[in-house]
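Some structures to go through are shown next.
What follows is chain A paired twice: with chain B in the first complex and chain C in the second.
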Partner chain A sequence: MSVARLGLRLGLGFLYLPIVLLVAYAFSADRIPFQWGGFSLRWFRALAEDERLVEAALLSLRVAAGAATLAVLVGGLAGFALARFGPFRGRALFGALIGAPLVLPEVVTGLSLLLLFVALEGAIGWPAGRGALTVLLAHATLGAAYVAVVVQARLAEADRSLEEAALNLGATPFVAFRTVTLPLMAPSLFAGWLLAFTLSLDDVVLASFVSGPAGTTLPMVLFSRLKLGLTPEVNALGAVIVAVAAAALGLAALVLARVDARRGGG
Partner chain B sequence: MLRAEGVAKRYGATVALEGLDLAIAPGEFFALLGGSGSGKTTLLRLVAGFETPDAGRLLLEGRDLVPLPPYRRPVAMMFQNYALFPHLDVFDNVAYGLRRAGVPSAELRRRVAEALALVRLAGLERRRPHRLSGGQRQRVALARSLVVRPRLLLLDEPLAALDAGLREATGFELRALQRATGAAFVMVTHDQAEAMALADRIGVLERGRLVQVGPPREVYERPATRFVATFLGGANLLAGTVRADGGVDCAEAGCVLRPAAPLARPAGSAVTLALRPERVRMRPEAADRAAAAEGEGPNATRGTVVEIAYRGELSTCLVRLDGGTALRVSRPSAEGVPARGTRVALAWPGEALTVLAD
Partner chain C sequence: MRRLAVLAPASAWLALFVAAPAVVLLGIALGEADAGVPPFRPPFAADGTWQGSFANFATVLTDPFYRDAFLRSLVVAFATASLCLLIAYPMALAIARVPEARRTPLLLAVLLPFWTGFLIRVGAWIGLLRDAGWLNGVLRALGLIEAPLPLLYSDLAMYLGMVHAYLPFAVLPLHAVLARRDPALEEAAAGLGARPATVFLTVTLPLSAPGAAAAFLLVFIPAAGEFVIPDLLGPPEAQLVGRVLWGEFFQNRDWPLAAALAVVLLALLILPLRLFQRLEARP
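Our next item is the complex of A and B:
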């Protein structure tokens, strides 16, 4: 075996061995989470019966879907404006502000969002208290930054003259946007949605800042449980998450590959 | 049908167009010829409505275009890169303009089929642009522009993206399509051969100004300015001083230049004349008795061939004159070309000389 191959295997092992171990121990019958006790599905059963976990998981999925959708709306429009509105006044500032959540430490973003939500509630009574809604808004803020970047990059490489051709053929600006620009943006909107969805699904820091009693997401529950010690149930949960993530990634790759094939890869 | 009156456009400190006046007749094939940065594409974009002129008026059939947004102008444009919609197939690309105009579906199908037949693309309706060759893409773009039956079609470098071999055939097709549709075509190009081959009239743009407008033959044979003379066919420029008898003393050519009509300019004033490379007769010096007299008298000189460029049907020789300057002389390759270093006698008829305005 050559050195390069050995290196590759070590690297892959370093990346994936922990995950493989986690998935394997999820099927172990033993109560101690790192001791093999024979094959069993008992922890998956326990997982399904753990109402608190299931509830948190469902809440996480709802929050992630909502946040991703909001992020696509806001970030998509921002990316479009940055790529297509020309050098408008304040463009550089706008671009910097949109991208800020990408570079700001999450604790700073989380703290400032918390302050904003508290101040808003004091001023206009919305959002009332902190919970799923505030977590959703916080995640949408972060996701919008990613979506804006992806959409802007995609439109920057797409030819401006396509929209001009549409106008030339009698399409009003809105119709040109709907029939030409939007289809051009679609793959980046889809990719951006998935990105925002996964970001929301595994975020602990932002959620910890802006969540309330009714807004405990799955990562938060997991995190608090780990403080009390490892249980095989957590292994099972991890295995489920790995399966879901793999399925989502596979789907995304499939859709993007089809889009690319349609566009001829260019 | 299209009139431009005093049209001007600047981008910051850069002048793209300045005081441009132009009239295009209905059904005319007009070529705007110019180098990069001459403002030729700017003019198309102004007419299509993607830019607004800083001054002047643009009238289409007497109607002011400037206040109209691009989608209300009865002007079609074919983009240099064709701008085919990548997410639509050939049929939907061509149907795009008809759909925007709300054409009923039966008529829409008929007109798309007609347009595709016109550009010989029937059968490719369901192809996506990326699966078409360059020539096919160009024809889809043409069909998409023509299907809306524009009175005026703007073409931005329509042949530039095609292989050299395809260019001539496509040029003939363009010409035929223009006659078949009766629309006025305004084409922008940097290729003088393309402009001359296709257009009824040529307008030469130099740094945002229209320096000469006329039929190709006139512009080529009677260039108005130094720029036109060199840009079209690379004429030789000869500078001299006007003589009292209407001839021109030209030290660099080493002879007196005598245009067909004597110059009506004051004696002693400086003047530049253009001489087309293919109008110069070239013979090896003193090859026979008849040639002994060649190379002497007005409109005749002698020199040495220093470079030869073979261009297929024509070969161009660079002849270093005894007066010091180098003259480009081209002649049909089939007639034989003197070898490098040959002493040659040169002569040209008076009507081959054109007096330039600047």
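Our next item is the complex of A and C:
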């Protein structure tokens, strides 16, 4: 076996060891996480009965769905412009701004968005206070950066002559967009939505900065609990999240593969 | 006109939620902490007169506490990025060497941990490393130790968590350049009598340099401002800039000082950010 393949196995082992153990010990009856006390589902039951966690999870799901949808709208437009408009005036600035949340440290993005919301409220009274809405806006800004990258990459590799053919055959630009470009973009919009959705569900730093008393998301609750250590309930929650993430990633891979196969075959 | 319909909403969003916050951040950094809601005095009074100062920047740049925080963050980010690069390189090379159809499942396998939730993975490391944790249990069962090793809340735990969190970011850009390389070049070198190590050092490694640089920066930049991992896994004395900024904001409620820390962190990251953008813009 080559050095590289050994490295790949060790690297994957390192990536998966904590996750596999976390999932396995979620089914342990023991009070201490990562100690085997016989098979049990009691911590999943305890999880379902933990009202604070369930409430935070429901809020997080709502925020994530809204943020991902906004992110697809903004990021889709931006990715389309970057891929199809050629060198337009202000393109460099436009590209730098859309990509900025992707590379900036989260503490910087979080603090600056909070200060913006405070300044906006002082100036025009909107957004009134901070909570779910401000978290949603912050996550949409982060998600749009990812969506724009995915959409731009997709359109860059898609054949432009298809759109030109539609235009030459007399389609109006809007019809050409709707019947040719949009279907080309669709898988990347879907993947971008999922990516933005997961990013929102996973974020604790932006949310902590821009949220208020009425907007405690799941990662914020998780973070405050992890400050005190790992509990078996959080362990069980981890197993649930791993299962959902694996299912979502599998679904995304399946959709992208089917679209590619259909295009390759037709 | 049609372009405007696409560009106008996207630009308006970016102006409001990306450009404006940067301006506000800089403005507040010139203000002063004040008891009140919000807890600061802006640099311009309501009638437009200047009342700001550069005092926060002077504090951040001269006080050894903050200077050390920046230095430490850069060291930790550098070490994390180097470790990720070292571990990711063989992984990316191995993936690039398998037939194309088998690459996607392997790349997904590398990415899946990234999707499983950042806090959950940090939580798993807590379960692994704490005194009554899994690793100490295994070591004790093997008879290697008698008392548990204090693994959690150490530099070791922090680096394990950092590398675990950022490793997928390093594999992707490396894989991108390695998958594009022309195998004929390596075959030619081998055909001319070069040993495998020589082929790697003189052909493969130089060809992948831009991807390696991108991978390094893609880890270094976010790691420099990382807050959660040092806070949950690191030792209390690991006062990195992300943690210090968080403390100034949430505990001391000194928003202007936190803003000044953010501005200086940004200024430090501009060079790596520009470098990264240039690497990304390569054909």
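Note that in this section the second predicted complex is superposed on the first by the 254 of 266 C-alpha atoms of A that agree within 3 Å, B and C clash if a C-alpha of one lies under 4 Å from a C-alpha of the other, contacts with A are read in each partner's own complex, and residues count from 1 in each chain.
Criterion: a contact is a pair of C-beta atoms (placed from the backbone, for glycine too) under 8 Å apart; a residue touches a chain by one contact, two chains touch by 3 or more.
The shown structure was predicted, so the numbers you read here are calculated from the model rather than taken from an experiment.
On the shared subunit chain A, the superposed partners chain B and chain C are arranged side by side without overlap.
When the two complexes are overlaid on their common chain A, residue A:25 makes contact with chain C while staying clear of chain B. In the superposed pair of complexes, A:212 makes contact with neither chain B nor chain C.
Of the two partner chains placed around the shared chain by superposition, chain B is the only one that A:167 touches, whereas chain C remains out of contact.
In the superposed model, A:175 lies in contact with chain B only, and not with chain C. Within the superposed three-chain model, A:141 lies in touch with chain C and out of touch with chain B [touch as defined at top]. In the superposition on chain A, contact of A:37 is made with neither chain B nor chain C. In the superposed model, C is the one of chain B and chain C that contacts more residues of chain A.
Superposed on chain A, the gap between chain B and chain C at their nearest CA atoms measures out to 13 angstrom in whole units. For the contact definition in use here, the residues of chain A common to its chain B contact set and its chain C contact set are 173. Touching chain A in their complex are the following residues of chain B: 48-50, 69-71, 73, 75-77, 79, 81, 83, 85-87, 96-97, 100-101, 128, 130-131, 144, 148. Against chain A, the residues of chain C that register as touching in their complex are 2-3, 6-7, 9-11, 13-22, 24-25, 28, 38, 87-91, 93-95, 97, 104, 106, 108-113, 115-128, 130, 132-134, 137, 164, 167-168, 171, 221-222, 224-228, 231-232, 242, 245-246, 249-250, 255, 258-259, 262, 265-266, 269, 273, 276-277. Touching chain B in their complex are the following residues of chain A: 159, 161-162, 164-173, 175-176, 179-180, 183-184, 262-264, 266.
Of all residues in chain A, those touching chain C in their complex are 2-8, 11-12, 14-19, 21-22, 25, 32-35, 73-74, 77-78, 80-81, 85, 88, 90, 94, 96-101, 103-109, 111-113, 115-116, 118-119, 122, 137, 140-141, 144, 173-174, 198, 201-202, 204-205, 208-209, 219, 222-223, 226-227, 229-230, 234-235, 237-238, 241-242, 245-246, 248-249, 253, 257.
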